[in-house]
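Shared between the two complexes below is chain A, which has chain B as its partner in the first and chain C in the second.
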Partner chain A sequence: MKHLIGLVLGVCLCAVGTAQAANEDPMRSPGWRIIEQRFFADQTVVFDDRVQVLAPQSAEDTFAVPGFVRVDGIEDIERLLVIIDLNPVQKVLEMDINEAVMPSVGFRFKVQQRTPVRAAVQTSDGTWHLGGTWVNAAGGGCTAPSTASADPDWAKRLGEVDAALWRRDGGVQRLKTRLVHPMDTGLVDNIPAFYLETLELQDEKGDVLSTVTIESAMSENPVLSFDLAVDGPVRLNGRDNQGNRFRALVQP
Partner chain B sequence: MRFTRTRSMLTGGASSALVLAALASGNVVASDNGVVTQQMINEDAMHTDRVTSYGMGPYHQRYSTLDQVNRDTVGGLVPAWAFSFGGEQQRGQETQALIHDGVMFITGSYSRMWALDAKSGEMLWSYEHRLPDGISPCCDVVNRGAAIYDDLVIFGTLDAMMVAVDRETGRVRWRERIADYQAGYSYTAAPLIANDLLIHGNSGGEFGAVGEVTARDPRTGEKVWSRPVVEGHMGMLPGGEESMTGEKNATWEGEAYVQGGGAPWLGGSYDPELNLIYIGTGNPAPWNAYSRPGDNLYTSTTLALDADNGEIVWHYQTTPNDHWDYDGVNELVLFDLEHDGETVKAAAKADRNGFFYVLNRENGELLNAAKFVDNVNWAEGIDLETGRPIETGNRPGNPADADGEEGESVVAQPAFLGGKNWNHMSYSQRTGLFYIPANEWEMEIWNEPVTYRRGAAYLGAGFTIRPIYDDKVGVLRAMDPQTLEVKFEVPNPTPLWSSVLTTAGGLVFYGTPEGHLKAICDETGEELWHFQTGSGVVGQPVTWEMDGEQYITVASGWGGAVPLWGGEIGPLVSHITQGGMMWTFKLADIHAASANR
Partner chain C sequence: MIRLLALALMLLPAAAQAYSLTPQQIAPGVYMFEGVTEHFTRDNMGDIANTGFIVTEDGVLVFDTGPSRNYGQSMRLAIGMVTDKSVKAVYISHHHPDHFLGNQAFADVPIYALEHTIETIRRDGDAVTDNLYRLVGTPMSGTEPLEPSALVTLGRESIGGRDIELIAAGGHGGAGHADLMLLDHGSGVLFAGDLVFHDRTPTTPNAHLAEWHDALNQIEQLDFRVLVPGHGPSARSADPVQQTRDYLLWLEDHLQQAAARGLDAAEVLYLELPERFQHMGVLEQEYRRSVAHLYPEIERATLQDARTP
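Let's turn to the complex of A and B:
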């Protein structure tokens, strides 16, 4: 935890103007046209500095760059999406936002080269609100083998979950979880794509609070933080792209 | 749990023409958005536009009624496309393709699977299983094929999992553990769809794994029943009730049954009308038979299981108290036999132990048996009254009687890789003959004391294989199941490790380690065509038709047990280079045009 806080403090909040119409990327990303076509084709997009991505200006470890999405003052959010423009695998995660799950998420991601990191939130009228920041990086985070791929015993620890759930101000519970998983992208020769692809957050009864879809741009042994507006224990129900199931019950 | 079963009979003889006529008008097969039903699998052998099951139909005859490619036209067979299995993982490719709705489903070494456009060979999706480091495949990292059912493609992996993926996208729908790979279990066979259930065995014969047949709901992977194949072990009936296999210690002494082996590591065949699953079981463990006196049921046996509950309906043990690694896993091929003036529901098996058996598949009664390889010295023959082998006493000596660790060694024929191994024979409805990919070899074998250690090899024997002849190991034999006479044989310098396909075009297709896919005349054995695929062929040819053209496909990629276990056969095959390609053939246009005229 200390590690993460340390890095967040060093963050530059690259806020980029107020909400502006699409097509003119305030981040001037060379990847924007492709990102726009791939994720937002025929949808309304506004650049909105109320959507903030906190990330270090420069990535110390390109395999695990801490990021945090924070949204202030936008109502009726239904979806939240995190994208790395210039990664070979661009999407990090996408999740449902509702009364129980707040539009803030912490994660660690791989970075292939200097790139914008974007968050997009979709409101009930269908509009996507985008914000982001640039991260400098030496590169290669998506096309190097995972640590697990060199560990003969990786299968023994696969799926181990560490998690904590604690109360913060304003009736919010913070859930932080770490799952042991190689998160291989499939871009390294002879190491098949192998990554956590969905994580359901459920209440104690098993009702789904949010479904988080995850791609292999998420770091090895994914670390995720969520802010929940509900009390009580949370169940985690994960599944990877090869059909492995991961379940855990997290008590406050 | 109840399963609705679509029982549809494979009709034989006079009524089959009628069925085919009905099919042409589209009345018989319920095709629901291209999903595969049990009925389609039951009737697989009647359709030429698809291959929806391993064995080309539940009878496992590997016979096609297609005849566009025939003795006259086969010379014009040319590659239509090829697909590389890729990567550095070029090991044995033993897969049998399935073809449905213009898509080919194949599996490859290291637990990989692909969907290809059957016409162009273009890849539609791939699934690469992430394998742990500690897998223990005894006999190369092979896979023999998938099963298709509903909208799923299902295959087993080297770390002993069953994985079901969406037929359209390749995305995993479910995955279930068969057994613990760290205890030596694995899986290399193609699963069977029977009675609307997914049927699979397990592998791990050389690691003291206990053989078991499991039935699952193919849509969810949920276990429906299980049947261990070693006496005294507990299985599960539908609904969860436990039930013991056989009677504990009836044919095993003491605790030997606990790690008794018997893994049914090859797929099974199925009679939809009798609702019986036929599956062979592996050798008992360890190889040293002095540590397990008794017949050791149900190892080295063909079992007939009730597909509803997995109970053993009958069994036929080919090698009681096996001492030579004569697994009884080889396929039981179902066919109709004229016997004493009657048509008998029969079945035949060419066993590792060198004998060809003809059984009544309703009750397991032995109808006839004879050697199908020239060199068999562990038994003189099979007693047709008792069904038991007449042994010659050629067993390795007991290490307890010897000075030092090793018992006295003997030269046994066939060698442990068998008169025929896993690679499947074919039954031609056209000639009424079985075409057996046989091997002539022998071994020196001796016993040693052994204790079971989880995950370690559990043999208690040493051995080395050697050739018997200078000029051949492999022999393709055409055998008449009525008379048990060999009609002709085609020798091959190296061991045959590919399955066989027969067609109404009067052709027999099979591959050789030398790299050839061959077509020979089904009456004389004369070679009519061959193609050099670039690496050894240990795959399984199948044929189907698409847009009026007959296609033949086979995997090429040298590997399997021979290079790993072949002893003195090694020098014969050490020059064979690695590769990994799916080759698909059709007639050159000019020939296709003349054949259609």
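Let's turn to the complex of A and C:
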């Protein structure tokens, strides 16, 4: 009898596959209900371990924690969203995914405390698939926590864009870029919110491949990696929340 | 019964504060306290670094004071079990919290350090102490960062009948003279601080790799017979120097190769690590911390100015 129950349970689990029904957050985050209402109200959400977030278990520098989203085996993805549950600014970035832009992105983010880092990808049927990992923000000892790395020269260097392209396996082109921007959250006294708000990835002719919207949970001097399914030069067109424009042309 | 239990619970934190430190004699009159080759945890009470002392005719010279006031006090008690000489002076190898936070227990004697060490403790002492409270908890109670009281005089000097040399180098604690070593020429014992790790993965939060390699070369030229690394067991050879060098060379080359392939930092965290380093304590943890410390600069060198009007 026990074997039979086990078998039935096994079959049920298999039928559900790797995607788990919504509303029962497998990460058991205290912030999930708020995240759900804020970002996914009235939308279908499944927890799906094919959506993976690479991040350190422990943040060595809480002002710049590296994260990377990769998705394995989900078709028809149209949007990608990165959220830090327990941050005062929760959204890191949101971007369009299509035949030219693959559902993977590298970024650096700020953390305020131990928190889940989640990636959500939305497929063409409207369903959001969520995956994530916890990052501990207790710091790593033998270390001075970064005291807001205020670069005295930031105003002179604002808008510098460094970038490169790499040809990778399977016809994928990796774009990596670093922009000089303070990414102020507005949560520090007398320092208004000042951050890079959008970054368009364009082909050489200027046709938009993807629009990336960014919030101030992204680290100072953002470093971003994208995987493109198109060859050739890439143009970047950025704008911050005060209207400054940043343009770049990246040659392979 | 419940009252008894409550009493036991009340006593627990107090009992947890004492460190059981056993001095290991490594040469006549020269001792070390060996820390575990782990990361800071509540269980190990932060006792992860080596400290030591040398008994001279004029008193005891202490090298590093450990991670907490309680550790420093335990050290002083343990020294008292070995000699009736009083502590004459303390030397601090560098500014990392596992090496100087026992200073309060030695506030009555001169505590010597390099200028870099004193300045960095003044600037970052509170922050690194807070961090250790978070990681280690109760054993830290009462610990505050006490700045070394005097600038160390480098060079060779006869102290209480011993031929002591204080040597400055750099690369682990930072660039320039950021790491202090102590060589007792008579016994041949070298306290190398964190310039040398042994069977424990080196840490790099303030590393300047080129200078660290210079320091390792410099150490090999010194006339020592017993080497006390900052972390891991002592050795009667220069093997730990080579082990530290091998790991640091591999680490830099590995990160440069990853950057040359366009990998993102978070991808680099989870790359496979070589078999020959697997025996070193906390390899994965320290490697991942090193990615955070070193990769951003290495990665930047692979990007070119792409700005257009």
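One rule holds in what follows: the second predicted complex is superposed on the first by the 221 of 252 C-alpha atoms of A that agree within 3 Å, B and C clash if a C-alpha of one lies under 4 Å from a C-alpha of the other, contacts with A are read in each partner's own complex, and residues count from 1 in each chain.
In this text, contacts are C-beta pairs under 8 Å (C-beta built on N, C-alpha and C of every residue); 3 or more make two chains touch, one makes a residue touch a chain.
Everything numeric here is computed off the predicted structure, so don't read it as measured data.
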Legend entry - Superposed partners chain B and chain C on chain A - clash or fit: fit
Inset, instruction - Could you say whether A:Asp184 touches chain B, chain C, both of them, or neither, answering first, second, both or neither? - result: first
Inset, instruction - Give one of first, second, both or neither to describe whether A:Asn241 is in contact with chain B, with chain C, with both, or with none. - result: first
Legend entry - Which superposed partner A:Leu249 touches (first chain B, second chain C, both, neither): second
Inset, instruction - Please work out whether A:Pro56 is in contact with chain B alone, chain C alone, both, or neither, and reply first, second, both or neither. - result: second
Inset, instruction - Check whether chain B or chain C contacts more residues of chain A in the superposed model. - result: C
Legend entry - Partner chain(s) touched by A:Ala193 [first = chain B, second = chain C, both, neither]: first
Legend entry - Smallest separation of CA atoms, chain C relative to chain B, angstrom: 14
Inset, instruction - Could you pull out which chain B residues touch chain A in their complex? - result: 87-89, 128-130, 132-134, 159, 163-164, 171-175
Legend entry - Sites on chain A touched by chain C in the complex: 54-58, 60-61, 64, 66-68, 106, 108, 138-145, 147, 159-166, 168, 174, 176-178, 223, 225, 235-236, 246-251
Inset, instruction - Under the touch definition given earlier, write down the residues of chain C that touch chain A in their complex. - result: 39-40, 96-98, 123-124, 127-128, 131-132, 134-135, 203, 205, 261-262, 264-267, 269-270, 285, 288-289, 291-293, 296, 299-300, 302-309
Legend entry - chain A - residues contacting chain B, complex: 152-155, 182, 184, 186, 189-194, 241-244
